[in-house]
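Below you'll find the structure, written out as structure tokens, and then a few comments.
So that you can tell them apart, the chains are marked A, B, C and D in the order they are listed, and the count of residues begins at 1 in each.
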Amino acid sequence: MIRVGIVGISGYSGFTALKILLNHPDVRLNYVSANTTTGFLADIWPQFRGRTPLFCESFDADKAAELCDVVFLAVPHTVSMEITPKLLKRKIRVIDLSGDYRLNSASVYKKWYGKNHTDSRRLGKAVYGLPEIYKAAIARADLIANPGCYPTAALLALAPLVSLKNHAIRTIIIDAKSGVSGAGKKVSGALMFSEVNESLKAYKLFAHQHTPEMEQYLSSMAQRDIRITFTPHLIPMTIGIYETIYVEFQKHEAASGLNALYRKFYKTEPFVRVLPKGTLPEVKNIAGTNFCDIGINYDRTRNLAIITAAIDNLVKGAAGQAVQNMNLMFGRPETTGLY
Amino acid sequence: MIRVGIVGISGYSGFTALKILLNHPDVRLNYVSANTTTGFLADIWPQFRGRTPLFCESFDADKAAELCDVVFLAVPHTVSMEITPKLLKRKIRVIDLSGDYRLNSASVYKKWYGKNHTDSRRLGKAVYGLPEIYKAAIARADLIANPGCYPTAALLALAPLVSLKNHAIRTIIIDAKSGVSGAGKKVSGALMFSEVNESLKAYKLFAHQHTPEMEQYLSSMAQRDIRITFTPHLIPMTIGIYETIYVEFQKHEAASGLNALYRKFYKTEPFVRVLPKGTLPEVKNIAGTNFCDIGINYDRTRNLAIITAAIDNLVKGAAGQAVQNMNLMFGRPETTGLY
Amino acid sequence: MIRVGIVGISGYSGFTALKILLNHPDVRLNYVSANTTTGFLADIWPQFRGRTPLFCESFDADKAAELCDVVFLAVPHTVSMEITPKLLKRKIRVIDLSGDYRLNSASVYKKWYGKNHTDSRRLGKAVYGLPEIYKAAIARADLIANPGCYPTAALLALAPLVSLKNHAIRTIIIDAKSGVSGAGKKVSGALMFSEVNESLKAYKLFAHQHTPEMEQYLSSMAQRDIRITFTPHLIPMTIGIYETIYVEFQKHEAASGLNALYRKFYKTEPFVRVLPKGTLPEVKNIAGTNFCDIGINYDRTRNLAIITAAIDNLVKGAAGQAVQNMNLMFGRPETTGLY
Amino acid sequence: MIRVGIVGISGYSGFTALKILLNHPDVRLNYVSANTTTGFLADIWPQFRGRTPLFCESFDADKAAELCDVVFLAVPHTVSMEITPKLLKRKIRVIDLSGDYRLNSASVYKKWYGKNHTDSRRLGKAVYGLPEIYKAAIARADLIANPGCYPTAALLALAPLVSLKNHAIRTIIIDAKSGVSGAGKKVSGALMFSEVNESLKAYKLFAHQHTPEMEQYLSSMAQRDIRITFTPHLIPMTIGIYETIYVEFQKHEAASGLNALYRKFYKTEPFVRVLPKGTLPEVKNIAGTNFCDIGINYDRTRNLAIITAAIDNLVKGAAGQAVQNMNLMFGRPETTGLY
């Protein structure tokens, strides 16, 4: 059994990690903590009443180290970089769901997250936990930077193109739509039911902190500098991310070639489903699952591919992917506990 | 033209009052204020951009008195009882949408609202602004206590029975369902989209502050002490109140008699629609309107009437009813600006 | 391994049964069929793409019998009574999720379902699949009448009272609220998104076909004739049932006694959670689970208990409960595949 | 008073036209009809119970002509082209909300609507009812082709650019999000609440019938051939359209110039609000109004403008715009009945 801890259980990613890990056949969930909330887990998340006697306490690195082989950090950014060094020092593996270790550069971190990075020497050393791309490295990693929700869908949707059609790409526009849980559980007037329901808006144009994450990993896959335009929108639903990605090529591509390319690229991946021609993803088809559904359309008159991708932002976009990474790190089949 | 002011425009009742009054053919909206929010109305409520140059300032009784014939107080309870005396002293008529002047007794107020009433000598002197029952008194009033949203639907649904079948009523149970805007615009974790959407709960059992309001006015109409059981529920929709009211009679009633009774009682009322036999109210049919739809069903095997009533909580349950009251106070047709 | 078939996979109960059974560690799902829809399961329910190669065909009793130990019937009423005899004759156990075998009387069936029962000799012989009440009989049953969604919540909420406080009960009113999936997947103008969203209505007053089911089993538990008033409402959410049940007693009860009564009654039941005093159920706490949460409140001034109960209508109210029954029928721990 | 008729009141556009016209101070609504639904208007749309004695009958051109100066056609495409000639022959002005008279070419109509046009000689002769662009012609028109919902937002968002920056535009991508009422009231399994709620999808890629409408009028404004990429999405809300439009220029533009350009272009338009720099449209700010809110953002590193636009699809996208056109046709202030 893998002995697991979760730090930061009061948010939606922590909640989803709990749901998955309590049902995982190879996991013993030994430790849960949260910053401001302590008490029986069942009182914090009444959904788990009767399921577990776990008690949530304030974080204690020694205790976590004693009880766990791996710890999920489902905490806000800036908290991870305080906790991670303490756990790694105690030889505990860490899967960090925050943005703290995804970027390579302290100055880029400062620019987009607005804070100085206090563990900057580890930047660039964590393994980016996108198993479809970095599987081998994940299996050996001590520190996983679990991808952001928007980047997960975008990178899976674009990886075949930037890896293999890279030279031919002219521009990439990512029009992303997210359910409200993506904004977290922090109380906010703008996220009250009466403000979100029956409405819709774009937000953080040119300013979302997931932009440099996408650009860094796309550039790394492409082995050249890739820039994107990323426009997130808030949608009146709780769960789900849908990205409509417009890729303009320098010259004409064969549409059938694109389909074959994607099919081949993801042939052995259990959680990426390249949809049949003419079929588009829908959020309901991936809700509650670790799947990423990808649809491929091509307008030959404009050399324009429209790649659509849908994920559950809390599963494949956060806790499910974290468990997928854990499975790889501990030599389990990738799908254990996720089907 | 009636010169009108609104104090407390940053909440949903204030917003709805603005929507109605800006379109009211006999109103000049001269003054708006809010406690913590100042600035151009169009910046506070972007829906009104381009519609009005009004500037929202902190409340100033002298200025309000100079500019207005009547002031709507769309403020939280306890704020009204501070502002109302200042306006009445300056001979300005007041329509108070809060709960401060609805109850007759300072001790009952203290019990349910948790605060001492600082203007208790006026308790019992305001006219309760339910036009279908108190029309004549409203026309002469200086101070209107505009009914709560739950009481509006309940009292309209029960008035014919308690007025005319009073002796025969054994018990009254009000199972009420409300959209989220009924909880106001105050930021609250429990009212975040991701917490409310796809959920539903009862709340404040035996403890909702609208209970004594309903009992007081039902008792007054019945001329005997009436007690109710009131159970509110939070529903994942923004607008609407639906009440399913179970009235058990001491003895058998004729169902056809009930229908006739309601029809006669509301015969000349423009905003109460007694639905045809077999037809039930639906929130969508009253959304955005000042109507109260009432359905009457009767189970003769149990001497049990089920009265269903639906209103828009922000219109007939708040701002629309306030405008209806204003129309009566200033000698206008009751429906002006509301159709 | 239990070899399982599902007939009627194109509805929401069938879909939910699929979700649970595909993850059940002791089940081999061998056979799926539907009336009008044939093809790969993954094409019918794209959520299962990549999960299963199952092919959905028109129902064939011989084939089902060859491949299955037990068949779930997730079909509309009237279809079950045609299929069930064929399966039982072939010695296949049947869990019927429709209403066809829940009632004891052909004439009551005719009255509420509007059709003649074509297998009426089996009425009263199926075991009612409410495990918390009929566990022993379920373990031995060949034919399970899986309870309706509304009755599941109501019977669990009332069983302790009618069993043990039966003599003291004066009236029972069940005010029920249901998500839209409870109405099934049949296309209907009244259930279109734009008609349901931001609305709410009561429906089928005194006329819902779950009424005699509740009365029959309550009467059976009470060993006297019990009548209820049942008012269902349609709520703008996809999943969930919430019932607010008003039980008036003949005389005063001790509230603490009620709590203790429920706690004792459900002490060993894994799927019923009697909530602590002062805590009310919420749909979000049971969504996606097989739990029934029950809250107990008592108004001593009126001898009135308000029992609130919440279930997921598709899990504990249909497919989850069916799997719970299957587990019992095949000697598995009741919770297998459901946690 | 303008004597008005509405043909096709059973759909959402007809309903919205009713709401607006019943409150319009200069209109007498004399005639309503629908294809399959006849009866009192209040029975067809219970929201209007008590508001109007109008009776809805099957369409009769002579009767409509006798009672009306202008008729709104809120019918499906292909129905308009049958009715319009009959009304025009009788000298009745027509505002057609369908797509039948928006395109200039019968072959383009055939391609996108899948039917032969039976009144093709009038194609290109109707005035396109986008008042912000074609005001003078609308005032003189006998036949208005009221714009589609998607084109209304797109054309208003792009008109200043294609009119004035036309030469510099390289590509236009319109990522559009629509509430469900945009799909009309026709019963459809894909639009059932349980299928749409908590989901989201793109649909009709490269295939939506509003595409040629947008291209035709953009090309006309630009006086050169303009092609767009248009991707509509279905959003779980009833009302609203939000378009995120990516315009890539051939060379660098000054962002401040774009703002000034839009502000000047719409300076005297009462229903287009160019939002201040840094402010983005939100559906809730235009819901229930005839406004189109437009936000302008510019990424100088990529010569890319992101124009966001929001309208109420049933008001500015259909019935409100039709009333705006009627006001112009009959010499009324454009905003009459719409504020």
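Going forward, a residue touches a chain if its C-beta (ideal position, glycine included) is under 8 Å from a C-beta of that chain, and two chains touch if they have at least 3 such contacts.
No experiment lies behind these values; they were computed from the predicted model shown.
A.B. asks: Please state whether A-C or A-D has more C-beta contact pairs across its interface.
C.D. replies: Per the contact counts, A-D leads.
A.B. asks: By CA centroid distance, what chain is farthest from subunit A?
C.D. replies: The most remote chain is B.
A.B. asks: In angstrom, rounded to a whole number, how far apart do the mean CA points of subunit C and subunit D lie?
C.D. replies: The answer is 46 Å.
A.B. asks: So the centre of each chain is just the mean of its C-alpha atoms; given that, what is the distance between subunit A and subunit C in Å?
C.D. replies: 36
A.B. asks: Compute the distance, rounded to whole Å, between the mean C-alpha positions of subunit A and subunit D.
C.D. replies: One centre to the other, that is 39 Å.
A.B. asks: For subunit C, write out the residues touching at least two other chains, lowest number first.
C.D. replies: Those would be 179, 195, 197-198, 236-238, 282, 284, 287.
A.B. asks: Contact residues on subunit B for subunit A in the complex?
C.D. replies: Against subunit A, the touching part of subunit B is residues 12, 179-181, 185, 187-189, 191-198, 236-238.
A.B. asks: Can you check the complex and tell me which residues of subunit D touch subunit B?
C.D. replies: Touching subunit B from subunit D are residues 22-23, 25, 46-47, 49-51, 197-198, 270, 273, 275, 279, 282, 284-289, 291, 293, 339.
A.B. asks: Please output the residues of subunit A touching subunit D within their complex, sorted ascending.
C.D. replies: Interface residues on subunit A, with respect to subunit D: 171, 173, 175, 177, 179, 195, 197-203, 205-206, 227, 229, 231, 233, 235-240, 242, 244, 246, 248, 280-284, 287, 295, 297, 299, 301-302, 304, 306, 308, 310.
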